[in-house]
Structure formats: C-alpha cells, structure tokens
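As structure tokens, the structure follows; a few thoughts come after it.
Chain lettering (A, B and C) follows the sequence in which the chains are written, and residue indices restart at 1 in each chain.
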Amino acid sequence: MKNYTSLEDIENLEELIFEARELKKQNSAAEVGKGKTLGMLFFNPSLRTRLSTEKAAKLLGMEVMVMNADKDGWALEFEDGAVMNSNKAEHIKEAAAVLSQYCDIIAVRAFPGLVDREKDEADVVLAGFEKYATVPVVNLESATGHPLQALTDAMTVSELKGEKKPKVVLTWAPHPRALPQAVPNSFVEVMQKMDVDLVVTNPEGYDLNPAITKDTPVVHEQAEALKDADFVYVKNWSSYEQYGKILSEDPVWTFDNKKLGLTNAAKIMHCLPVRRNVVIADEVLDGKNSVVIQQAGNRTFAAQAVLKRILENSKK
Amino acid sequence: MKNYTSLEDIENLEELIFEARELKKQNSAAEVGKGKTLGMLFFNPSLRTRLSTEKAAKLLGMEVMVMNADKDGWALEFEDGAVMNSNKAEHIKEAAAVLSQYCDIIAVRAFPGLVDREKDEADVVLAGFEKYATVPVVNLESATGHPLQALTDAMTVSELKGEKKPKVVLTWAPHPRALPQAVPNSFVEVMQKMDVDLVVTNPEGYDLNPAITKDTPVVHEQAEALKDADFVYVKNWSSYEQYGKILSEDPVWTFDNKKLGLTNAAKIMHCLPVRRNVVIADEVLDGKNSVVIQQAGNRTFAAQAVLKRILENSKK
Amino acid sequence: MKNYTSLEDIENLEELIFEARELKKQNSAAEVGKGKTLGMLFFNPSLRTRLSTEKAAKLLGMEVMVMNADKDGWALEFEDGAVMNSNKAEHIKEAAAVLSQYCDIIAVRAFPGLVDREKDEADVVLAGFEKYATVPVVNLESATGHPLQALTDAMTVSELKGEKKPKVVLTWAPHPRALPQAVPNSFVEVMQKMDVDLVVTNPEGYDLNPAITKDTPVVHEQAEALKDADFVYVKNWSSYEQYGKILSEDPVWTFDNKKLGLTNAAKIMHCLPVRRNVVIADEVLDGKNSVVIQQAGNRTFAAQAVLKRILENSKK
C-alpha cells in the first residue's frame, strides 16, 4: 500500500481486515514505526479520527505531529498558476513538499463545501497533497470519501456477522445540518467489496452518486429495505442531486425500535457523532443491538493496519 | 484510587503528599505508565494544568493526547433524552464511551457558567464523563472543584511548614472578572484534612458555600484573620450568595506588604495566573515570602502522584 | 550555547553549520535530549518552524509540549509594574518562571505589531522570556530576528556553494501584506559572518535598519545587484523607514526568469511561505534553480544543531 486516499488503495480487503483484527487482539506496539513521524493536518473538526489515528500511530512506535491547518499555520492556495495576492499565504506545492521532509506519512482531513459539486468531486485538498507530497498520504475524510471509517465498518461487520451472508442496509436519516456524502459513499464502496447483500434506502432526491452505488439496489421505501436486515447503518447525508441541499427532515426516517422490529434483530451501526433522537432514537442507541461504540473502538485498529501496511511498503 | 474528580477520592492525604514529594526528588520516569495513554480535554484555557499534567504523564512513561474540546472536536450535549436538532453534534454518552477506548485515563477541564448555581453545582461535564467513561477520570478543574491544585497546595504547605501546627489563612482579593469558586473550595476542603488552623476571610456577601466551609471560621475583618498567619493563600472568587456576581473590587483587599506585616512572616500562596497589583502587589510577589513559583512547580508532582495511583489501581 | 535568541548566541558559525550537516547525514536520535522537555509557545501562526523544531527535538529524544499561547492559555502582560485590571490575566514574570519548571528549553514565536518601531525593537515577548525564564530560550522568530531560519540559510549556502567565494544577493519583492523585517535582518547578519560577497537590493524607502546592514552594500537598482549573483534570496519586507508601511507593490520587483537570467545561474532561496507570482514567479519556483524545498528541509537540522548545543551546555 503506497497511499490510503481511497478504498482503491486496498489490495486485499480480507487480508487487511484480518490484520486489523489481529492488531486489536495484540493491542501492542509493533515497532515498525519506530523513528517515523506521522503528520496530521486538520482543515475541519475531528474527535474519533484525530485520536484513534494518533493512538494507532503511537501503538506502532511512531511520533505524531498534529496541526489545525488553517488555524495554527497558513491558509493554503490549491490553484495552479494563481497570482497569490489575496488571503492565501502558501501554495500546496510548497506545503506538501516541505511537510514531506518533516513527516514520513501525511494524513489530511478536508470536508467539502457542499456548494459546488464539481469542485468537491475534484477533492482539491487531498488531491493536492497526493500530487505534491513525496511521502504517503492518508485520507482522514475528504470531500467525497472516508476510507478509514469504511475499513472500520468492514472490520466491524466482519467481527459480528455469523456464518450466513448478511443483509446490510444503509439507511438515510434526518439531520438539521447539511452533511457530506463521504461516509455513505465509502461505506457503499467497501460493502460492495465484501460478501454481503447490500441495499441503500433513502427518500427520493437523496440517491447517492450513481457512479458509486452502481448496481447496488436503492429503494425509497425504508420498511421494505429493512426487512430481514442483519446490519443497519444509519446515516444522514445531504442531497447529491440537488447538491448539498436539505430536502427533508422528516422524522419518519428517524431510526427507532419500531424500525428495528422490521429487521432480523439487526446490529445498528453509525460512524458517530450521532444526533440522538434525530438520527437514531435513544431506545436504539442505548439498547443491545447498537454496536456504535465497538465500531468506534475499531477505528484505532483499522488505522493501525493501514499505517502498518504503508510503513512496510515504504521500507521496500 | 479509581478516579480523581474530587478530594473525596484521596484515601490517605498524608501518604499521597509523601508520594508527590518523593516523585519530586526523583524527577524520573517510573515506567508504570508505559503503553498507557492520557487523553486531556479542555473546554477552557489552561497553562499550568495543561503542561504540568502532560509533563507528569510523560514522566510516568505515558503517551498524551490533548484536545481543545469544542474547538478541535464537536460541541457536546449533556442532557439525557435530548432531541439533538440544534448546535450540539455529539452526546456525552458516545463521547465518553468512545474516548474510553482510545485512552486509559481521561482528564477534563470545564469551568462553570457562573449564571445558574444549581446547574454549576451539578458539574454536568465532569459528572457526564464520570458516569459514561469506562476508564478513570481526572478533574483538571471543574465547575466546583480543582483537586489537583488542592493537592499541590497541600504538598506546598507540607514542604514549608515547620514543627508547629501552622495557621493558614485563605483571603479573598479583588479581580476585574467574575471567577469560579473551584480553587478556594478545594483549598478549604484539603486544608480541613490537614493538621492546620484554617481561617477564611472575605468581604460580606463573598462567603463560600457553607456546605464546604462547614465549621471553618469565616471572618469579614481581613486584618483580624491575618494575625499570626504562617501561610496566606490569596485568591479572588465571585459571590456564592449572589451567585457569580462581582460585589466589590475594593482595592483595600489587595494583598500588599502592609498586609504581610500583619502576619507571622507568612508564606504567600496563589494558584496563578495572578493579576499583579490587583490581587497581590508586586512588592509581595517579588519579595522573599512569595512561594507561588514553587507552588506551581509542585503541580507536576501532585499530578504525577495522582496518575501513578490511578495506574497502579487499574492494574489490580 | 546558553540561549538561542539571536545570532550573537552562535560562538562558531562554521562549526555549527558542520554539526547541522552531520545531523542531516545521520537523521537519527542522538539521545542527548532523553528525559528533557521542549516547550513551544506560539503567539503567531507557524508551519515549518513548528513542525521542524518539534521534529528536531524528537530526533534528539526530547518530549515536546506545544501551546498556542493566547488561544490555549492566558493573555500575557509584559509591562513591569502594570496594574493588571484589564484583559491580561498573567504576567510574563510568572509565566516564564513557571514554564521553566515544566520545560528544559522554552521556544517562543512572537511577531512584531509593525506599528510602533521602538516597541517592536524592544522585542518584549522574547526579551521577557529571556529575562524571567530560568532555562534556555530559543527564538522561533521574534519581532526583529529569525536566527533559526538564518542558520538554515547559512547551512543551505554552505551545502550548495562551490569552491569560489559566492556572490549572495538579498532582493526585496512585492507582497500584498505588511511583513516583518525579521527574516531579512537575520539573513543579512548571518551572511556577514560568512565568506561571501553580500549585496542587498530594494526600492528606495525599503532600506533595512542600517544598524544591521552596516557596510553591506544596499543598491536600489535590482538589475545591477543581480549581476553575477550565485545565490539570490528573494523576500518581501515592509518599510523600516516609514515603519511597517507598504510603499510599493510594484510587480517589476517580482522575481521571474528574466531576473534569473541576469545572474550567474543563481540558486534561488526563500524562507517560505511564498506568494507565487507575486514574490516569485511559478517559472522560477518550479524551475531547477529553486532550492526553497531543500532550504526548508534544512530547518530540521539547523534546529537540531541548536537544541543539541543548548542541551550539551546545560549538562556542564
């Protein structure tokens, strides 16, 4: 593994999940990262990703340097050929090249603006680091994908599924703010690589990018989708079609015990943070079917597996 | 010691002070924290507490992850059953449970609002972490108490007192902003556990919570209180009775050399930061009776003793 | 080396550069810093300085504690005898003395206000730490100097120069914001200590402090200055004479390939961040004569050499 900017960077998902689960059992330093430095750059807030990735790196013996990109440092310019006479003090060309000399791996979080779809899909911040960094780059959630979360999700399904091929449902839920599609995008992509029956359900107008859902069934009747589900991933996202818009906050999509009753006693997943009683009802989150805390705990080991692969690859 | 959220968590104060003083002599890594992680969450500014606790953890061999809670991460909801459709993105239930998987000890600073006394006394942030975290919780100053500071204060008195039982005076001083009662509360509580004669002096209207002062004498004549004092702890706090209000900025309460002259050449203490020439005059802070720097230096060893106890207890 | 607050602290520049270059070859931990802590305080943004100094300290085995001074902690008062009844919560006397107990070296960044020349030249923040800290102090760029950058610059010239004594030109370039003179000041000072022919060129009104340039030629014709240059350091600064003012944004001073053509195929230097196509044209930064990335990479080793000297000196 050279970079980890999208799920495409995973050569063998099954092996990588196995590695993450082994690391979880050990919970000890592998020393493969000794003398190496992870630089983490945040253009947006982060709790789980920040701390689990820092923890993962330290479990591998790495040093970690964390920066709140725009607050601690300089506003970055990403456009080629820009005449930099306004508020951007540094170009990504220099920033990425310089950081590559201080860090052995650069990890970046940069959310979408949710205004200009084309611009968001260009994923300029992550793509800029990928283009100009001379060390491996890890995606800590970009405008369009969150592959560390997706690997965690795959690991969690892998841990909890039984013998039979599970039915996995990704269901939209309401939310007061316009959220990115990065998490559902990457969840769909990673489930498509696993031996599961995947169904996406959301209100009309909320279909995800068809280039991502591909031939995964997308149904607009939540009840129909939830039938016999073994795993339900609840998540809000803003509209892809009417890009970045909130078309509905209909509480009928909130996931509660009535919805849970439609499933095959499904395990309930969410990437967190979760708006209680808006996205998922207290009764579900506090009930025995919720696995959101175990899922969040797996973030460390997914990150550890990815960093370990990248470090091993760098040594070759 | 399981948690350290209030002075009630200290089983034997004398032993703990002894431990802190031993750690100060060694000033070296005890390795009891090797492979363990301290997560520090700040909802408010901090210099001494932040750096001394980080230093203490590292002296014990721990890894440290620091977050400015609301700025780096997500705004937290603390109310049970809340419908989270406004500006709070994450509930304490998830935040505490998730952090407990990334950290072996969680340390939290959260000041009071000083508007609603009942709400501040519920100490919702610290209590939330204590309730929902599955790892030990350390109080880095909460709405009502600052037990790491109090242990430091007790250690400092212990270092500096002679053979005789000392007279210790806590005196109010003016300040341009409304400050919490956390530091004076915890100082009173810790001194009540020590073999000292404790007196509190403050203007009328500034009496601390009587549930804390209990039978400790509270006198409104500063000069009377200071007579024969061996230690004077100078500190501002806002009114408890007219909750959170500034009732006086009377400079007659500023601690200067004239006040010092009333004492038994007392050692002058303050938790810092201190407003010079408002709370304490330059002539006192720069004089030989001030022990505020030594006191701040002890923060490291008090924190180290507490973290060490918690780590040792976790191993059982 | 006791402190590193200005170039005056360097006893033997040649030896220090040699040390930095040796450290660059090793790129490994010297362990001289084991058990020691570097505290870094930022009153202003930083990317290279922050990360390269943190990296340098860790390569030496040190622990590092980083604070955004005014945001994470308390606003500081620097005036002696101040009655602290406004917005400053802590005096430099306490802050420096306390930090000296938590840290073995204190490193500080504090930019000038560029309004009051006399005040900026007093360099109150750095001078305050130097005066009141009881441990060594490192300048991470102060109001008037940036000696870590200057050592990097000297190291870079030392690496790249051939046998002959090089001609080194410092040229002003336009910029949309008023910038400090710290970098050009320190560059001039460090070059004056090396065996080079140094020339400064800038528009009229932009002459640097004559107490710094001394007998270094200052010419107002850029073309004349660039003739036969082996190194060109491009940098903007605001006016020293009309203190802090922007007198010109004339793009004729932008460094492009036409200007490069006037030189002896000079190596082009800049401290970064650089405003592309305002300070230096893309064609130069992306061309083979630019050494700005190598120069930024050297920051780590210059910082490492300085910290190592200070640590070694502290042991005596």
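Please note the rule applied: contacts are C-beta pairs under 8 Å (C-beta built on N, C-alpha and C of every residue); 3 or more make two chains touch, one makes a residue touch a chain.
This is a predicted model, so every value here is computed, not measured.
Chemist: How much rotation, in degrees rounded to the nearest 5, is required to superimpose chain B onto chain C on the basis of Cα coordinates?
Modeler: 120
Chemist: Suppose you list every residue number at the chain A-chain B interface; are over half of them used by both chains (same) or under half (different)?
Modeler: different
Chemist: Averaging over Cα atoms per chain, report the distance between chain A and chain B in Å.
Modeler: Here the centre of chain B sits 39 Å away from the centre of chain A.
Chemist: Can you list the chain C residues in contact with two or more other chains?
Modeler: In chain C, nothing touches at least two other chains.
Chemist: Would you pull the chain C residues touching chain A in the complex into a rising list?
Modeler: That would be residues 28-29, 42, 45-48, 50-52, 54-55, 58, 68, 176, 249, 272-278, 282, 285-286, 292-293, 296-297, 300 of chain C.
Chemist: Enumerate the contact residues on chain A facing chain C in the complex.
Modeler: Chain A residues touching chain C: 35, 37, 39, 63, 65, 67, 71-74, 77, 81-86, 89-91, 93-95, 97-99, 101-103.
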